[in-house]
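Take a look at the structures below.
Below are two complexes that have chain A in common, paired first with chain B and then with chain C.
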Partner chain A sequence: MILLLAAASFLLPLWLSSANLTVYILLGLYAVTAIGLSLLMGLAGQVSLGQAVFFAIGAYTAAVLSLHGLSTVVALVLAPLLAAAVAAVVGVPILRLRGHHLAFATLAFQLIVLSVITNTPFLGGGLGFTAVPGLGIGKATLSSSLGYAWLTWGLTVVVMVVTLNLIRSRPGRALRALATSEAAAESVGVPVVRYKLAVFALSAAYAGVAGGIYVFFIGYASPGSFPVELSVELVVMVVIFGLGSVWGALFGAAGISVLMQVLNQVGTLHGMPQYMPTLLSYAAYGLILVVIVMFLPAGVLPGLRRLWARRPGGREDPMSRQIAPPIASLRSLLRSTRPKTTRADGTPSPEQTRRQ
Partner chain B sequence: MHSRAGAGLAAVVALVTAAAACSSGSGNKAAQATTSSPSAGSSSAPIKVGLIAPLTGAFAPLGQGDEQGADIAVSQINQSGGIDGHKVDLIIKDDKTEPTQSVIDFQALLGQGVTAILGSSVSDSARAVAPKAEEAGMPYISLSPVDQTVNPVEPYVFLVPATTPTYTTRLMQWFHAKGITRIAVGYDNTDIYTTNGYHSTLNEAKGYGVSVVDTEVFQTSTTNFSTIVSHVGASRAQAFLVWSTGPASVILTKTFAAAGLATRMKLVMTTSDATTLYTQPAGSAANGVVMTAALGVIASALPPSPIKSEIGMLAGPFAAKYGGEPSEFAADAYSGAEIVFAALKEAAPGFSHSAIQAALNHLSLLTPDGKYNYTPSDHSGLTPDDVAVIVVENGAFQPTAWEKSQFATLPS
Partner chain C sequence: MSPEDVTRGPAARPPATESPVGPSGVVPLLRTEDLARSFGGVFAVAEVSMSVARGEMRGVIGANGAGKSTLFNLISGHLTPNRGTISYGGKRIEHLAPHERARLRISIVFQTARLFAGMTVLENVMMGAHVWSRHGFFEAALRLPRHRKEEREIRSKAEEALERVGMTPWAATEAESLPLGQQRSLQVARVLCSKPALLLLDEPASGLRAEEKESLAGLLEQLKAEGLTMMLIEHDVGFVSGLADTVTVLDLGRVIAEGPPDEVTQDPAVIAAYIGEGRGRAQRH
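Then we have the complex of A and B:
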C-alpha cells in the first residue's frame, strides 16, 4: 500500500502544470519541516511557534555560501548542519521552559533572527538575495521544476524512513515517555535534557535542508519570505492530522498546502466580490484550526478512529484518548473562560479531575 | 498501525486525485493558450492580461488600490470595443504579500497564457518574480518602486512608479530653489524603496550644493522616534528628509511636531506618504509637511492640460465607483494597464510576447502617473517633471509655490 502511494506521488509531477508543480515542491518541503515539528511537538512534547526560523536559517546558509562561490551541493549539506547547531545552542536555555512560555520563546527567537538578518548587510539586510544560483554540480545545474520535484520527493521519502525508524527504536520509545511525563521518564533513567535537545536539533535539521532546497528553487530570499505566519501554518499542518504522527504531518502538509491554494484560487475567480480573498484566507483557515483544537485535539485521524470505535459493537482504545501536552495547553487557553461543570451531587466532573 | 495507514492512504489517494483533477483543468487551459494569442478560429477571443497584487496580508491596502485601478482601466477599454476587436480579460492573483506565493501566481498566469503581467506592488514579490518573467520572456510591468528592477535593464521588465533617483532629483531642485544647503536624512533600513532613496540622496546632494549633516536609521516597526528627533534638532539641518513608509511615518511626524522643530526646520517626506493613510492619523502634525507625489494627487490644482484630462479619466470613474480620490497604487495600476494596452495595440493581431516587448521598448504615452518614454536602455520612462513637490495643508495635498511655478513644464 505504501509502495503504491510512493509510486503515485513519484509519477504525479509528470502530469502537473508548472504552477501546481511549484505547489508540489513546496508541499514536500513543508512536509519535511512538519515531520520534524511533529517529532518535536508530539514525541518530545515541546511546542514551537517559530519553527520557520530553522527553515530560514537553512535557506540563508545555502544562499550566502553559494553566492560566495561555494558549491551549491556543499552549501545544501551545510544548511541543515548549521540549523541543527543553532538549535542545539539556543535549545539549552529555551527548552527549560514549558507550555505557553516555550511557545512564546520560540516565536521570539524567530523574530530576533529575522531582525538580526534585516540589520546585517552581509546577510542581505532587509533587501534579501536575488539571483541565488540553482542547485548543481560544476556546469550542470538543476533547472527544471521536474528535477526539483523529484529531489523533494526523494528527500521526503528519506526523512520519512529515518523518522519512522527513529520512533520505533529504543530512543524513540524513550521520547514517547518524555512526551507523556518528563518526571516519569526521568525516574526510569531517560536523559531528558539531552533527548529534548537532540530532537530539537533534528527537527531544525529537517527544516534546514528543506529551506536550502527552497532557496535554490525559488532563487530569492529575504526576511519577508519567512514570516511568523509560516510557523503558524506548520503548526496547523502538524496538529490537524495528529501530533507525533509522521504520516499525519505528511498529510497535514499536503492538505493545508492544497487547501491554501484552492482558497487562493477561488477568492480571485471572475465575479467574486472584492472581500472574498480576505474572507477565505483568514476566516476559513482560522475556523479550521479552532474546530480542530476544540473538538479533535488529538488530530483528525485519531478523532475519526475514536468515532469509528464508538459505533455499536466497536471497541474503544483507551490510548486514543490521550491528548498530547502541547494541545492540552492550547485547549486550556481556549477553554479557560468557560465555567467548569460539576455533577449534580457536587463531585467534580471527570473533566475537572483530569485538568488537575 | 494498519487502520491508520489505511485511513491515511485513502486520504492521500483522494488528495492526489483532486490535485490531478485541478492540474488537468489548468493543463487544458495551458494547451488552449500555448501561443498566448486568441485562437485563430475565433475573432473575438479575449486577450488575457495578468495582475499579481497583495489582496491579503500586510499590504492589502496597496493591493486593493492596484485592483481598483486596473479594474477601471479594463472596463474603459472594453467599453470602447477592446483592442483590435478583442476584449481584455484581466486575471487577478493574490500574492498574500508573500514572495513565495507570487512565484506560484506567476507560474499560474504563465500557464494560462497571459500576454503580459502587471506585477505586485510588494517589493519582495517583484524581486522574486521579475527574474523569472525575464527568463520566460514574459513582459512584466512592475508596480513596485524598486530601482533595481530597471538597473540594470532587463529586456522584458518595465517599471511604472518613478525611481528614487527621479524623486530625489525633483527634491534637490526644490531644496536648491529654497536655498536649503544643509539637510538631515532619515530612512527605514528594512525596506528597499527607502534604503534606495537614502543612497540616491547621498549620490545627488553634492551636485545641488546640499550637504547631509546628520543621518538617522530606523525600521518600519519603530515606534519611538524621540532620540532621532532630538539628534536632528541638535544638528544644523535646515530640512529633515525622511524616506519612510507606513505607521513609522506618522509617528515620526507627530514626534517632530511635538518637539516644536517645525518652526525652524522643514520636514520633508516622500511619495509613499502621499496618502490619506498618512494625513489622517498624523492630523495637524502633518501641516506644512512637504513631499513628492504623482501629479494625480494635486489634480484639482492643475491648470487645464493634457495631464489633467488624463488624470480625470481615472479620477472620475474612481469617485463614482469607490468614492474619494484614487490612491497612488490605483494610479500606478491604471497607468500600468494603459501602458500594456498601448503595447498590445501595436502588437496586434498576434499579440506575441516579443511583439509586445518590442512595442514597449519605444513606447511614448501620457498616463495619470506622467509621460512615459521607454527606450531599450530606459525602462523607467519618467523624468523629474513627472513628479510634483507638494505640501500638506489642513489634511489636503496642495502644490508648493515652487511647483506652481513649474506648471509650464508639465508632461504632455
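Then we have the complex of A and C:
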C-alpha cells in the first residue's frame, strides 16, 4: 500500500499543471503536519488547536538561518529540531492541562508567537521575509516545482512509514494507554509526562520540517502565512477520516486541500463579494467539524466500515466504535447546552484531581 | 491521633537511620516504618510498620475504612505518605513516582479494573511488558533490531499470561466489553506479563463467581509455589486464610494483629474489630 502510494505520488507530478503542482506540494506539506497532529490528538489524546505555530517556527527557522548565510540544507535540518525543542519546553507547563484547557492553551501559544514575530524586526516584523533562497547545496539549487514535489512526497512517505511503525510498537501502545487513563498508564510503568512531551515534540518536528520546505518553496514568510485558520484546517483534516489514523490524516489533508481550492474558485467567481472565499472556508470547517463530532465521532472511514460491517453476515470491528478523547471532549462541549449533561469528559477524574 | 500529627506535613520525614535488616535478621523485600497518610486531617493509615519477606504471601484484612487500600496505594506510589518510610529490597522508595515503582516490578491489581479502553485484551496484557522492555520512539520508528526482538518477546509473554488465566480465546476482544470477572482476570494477566517481584492484589476475588474464585485461588497458589512475593487484601477471611502465610489485621489505620491466619482469626481484638464494628474500639487501644 505504502509502495503503491510512493509510486503514484512520484509519478503524478509529471502530469500536473504548474498551478496544480503548487497545490500538490502544499497538500503534501499539510499531510505531514496533519499526520503529526493525528499522532498527538488521536493516539495520545492531547488536543492542539495551535499546531500551525510549529509550521511557522520551522518556516522562520529555515528563513532566518538561510538569510544569514547558513546553508539551506542545514537550515532545513535545524527547522524541525528547533520546533521540537520549543514544543518540549512549552509542553512542560501546558501538557499538564487537559481537554478544552489544553486546546485553548495551544491556541493562545500560537497567537503569542505570531504577535512576537510581528513585533520583532529581526524576524521581519509584520511584513515578513521576502526573497528566501531556494533549497540547495552550493550552486545546485532546487529550482523547479517538480523537485519540491518529489522532496515533499518523499518526506510524506518517510513520515508515514515512521509513524505507522511507531503506532504498532511499545511506545505507541503506551501513548494509546495514557490517552485513556494517565493513572492506569503510570501504574504499568509508563512515564506519562515524558511520553506526552515526546509525542508533542515529534508532532512539532513534523510540522517544523514541513514549514521549512514551505518557506524555501514559496520564498516568503510573514505572520499572515500561518494564521489560526491554518491550525483549524489541520484539525479538520485530522478528524474528518478518523482521528489517530495515518491514512485518515493523509486523505483528510488531500480532501480538505481540494475542497478549499474548489471553494476558493467558487468564492472568487465574478460578482462574488470580496469576503466570500474566507466566509466559505470558515463555513465549511464549521460544518464539517460539527457533522463529524455529532454524527461520525470515529471519523468517516470507521463510520463507513461500521456500515459495511452491519451488512448481513458482517462482523463488527469493536475498534470502529472507539471515540478518541478529544472528540469525546468536543462532543460534550457541543452538547453541554443540554440540561442533562453535567460533566464534560475532558474534566479530570477524581483520582487525577487528588494527585495534583 | 493528636493534633500535632495532623500538622506534620510531608516534609517532616524521620532521618534515614533505619537498618534494612528486619527483626528476624533476614532482609525483608518490603518494609514500612511508621507509615502515615491523612485525608483532610483524618488518618486513613496512622502508623503502619510491617515487613514482608521474600516469597511470602501476606494477607491484609480489616473492616471497611481500616486503611488497607490506602496502604497499597502508598506502596505502589499512587499516594505519598505524610510521614514514615517504605523500603523495598533495602532501598527507600517512598519518594518515587508510581511509574518508577512499577519499574522496580511492584505490580498492583486494583479493586476496580483499570483497563485501557480502545485496546484489545492482548494489547492490554502487552502493556504489562512496558516495565521490562526498553525500546523507545526512535528504535520503534525505524524498526531497529532491539524493537523487533522486544516486540516478539512482549507478544509471546503476553500470550503466555493470557493462557495462564484462561483468556486466550478473547485475545482480540475489546477489553472494555468484557464482563467484570474477565476484566479482573485480564488485570491479573497484565501484572503476570510485567514479571512482578512484589504483587499487590486489592480484593481480587470480590464480585467473582464461586468457580472464578476457585480458579483465581489456584493461580495464586501456583504463583506462590513459584516464589512470588504477594500481598492480598481480602474481605473474605476464608479466602485469605487458605492462601496466606501471615495475616496482618488493620483497624483505623493501625496494625492490631499479625500472625498465622488461624491464630489471628482467634484474636479477641480482631473478632471485636470485625464484629464489634465501632463500639469496642475505644477500649482496645
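The rule is simple: the second predicted complex is superposed on the first by the 319 of 356 C-alpha atoms of A that agree within 3 Å, B and C clash if a C-alpha of one lies under 4 Å from a C-alpha of the other, contacts with A are read in each partner's own complex, and residues count from 1 in each chain.
Heads up, the rule we're going with is that a contact is a pair of C-beta atoms (placed from the backbone, for glycine too) under 8 Å apart; a residue touches a chain by one contact, two chains touch by 3 or more.
As the structure is a computational prediction, the values presented were derived from the model and not from experiment.
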item: First (chain B), second (chain C), both or neither touched by A:S144; value: neither
item: First, second, both or neither for A:E186, with chain B first and chain C second; value: second
item: Touched partner set for A:W247, first chain B, second chain C, both or neither; value: first
item: Touching partner for A:Y220 - first (chain B), second (chain C), both, neither; value: first
item: First, second, both or neither for A:T120, with chain B first and chain C second; value: neither
item: Dominant toucher of chain A (residue count), chain B or chain C; value: B
item: Touched partner set for A:A198, first chain B, second chain C, both or neither; value: second
item: Partner chain in contact with A:G255 - chain B first, chain C second, else both or neither; value: first
item: First, second, both or neither for A:A177, with chain B first and chain C second; value: second
item: List of chain A residues in touch with chain C within their complex; value: 162-163, 165-166, 169-174, 176-177, 179-181, 183-192, 198, 202, 318-319, 322, 351, 355
item: Footprint of chain A on chain C - complex, ascending; value: 76, 78, 97-99, 102-103, 108, 110, 114-120, 123, 126-131, 133, 135-137, 140-143, 147, 150-151, 154, 173-174, 177, 190, 194
item: Chain B contact footprint on chain A (complex, rising order); value: 1-2, 4-5, 8-9, 12, 15-24, 26, 118-119, 125-128, 130-131, 218-220, 222-225, 227, 229, 241, 245, 247-248, 250-251, 254-255, 258, 261-262, 264, 267-268, 274, 277-278, 281-282, 301, 304-305
item: Residue ranges of chain B in contact with chain A within the complex; value: 3-9, 11-13, 15-16, 18-20, 22-24, 26-27, 30, 55-56, 60, 64, 67, 92-94, 96-101, 103-105, 107-108, 110-111, 122, 124, 127-128, 131-132, 148, 189-192, 195, 219
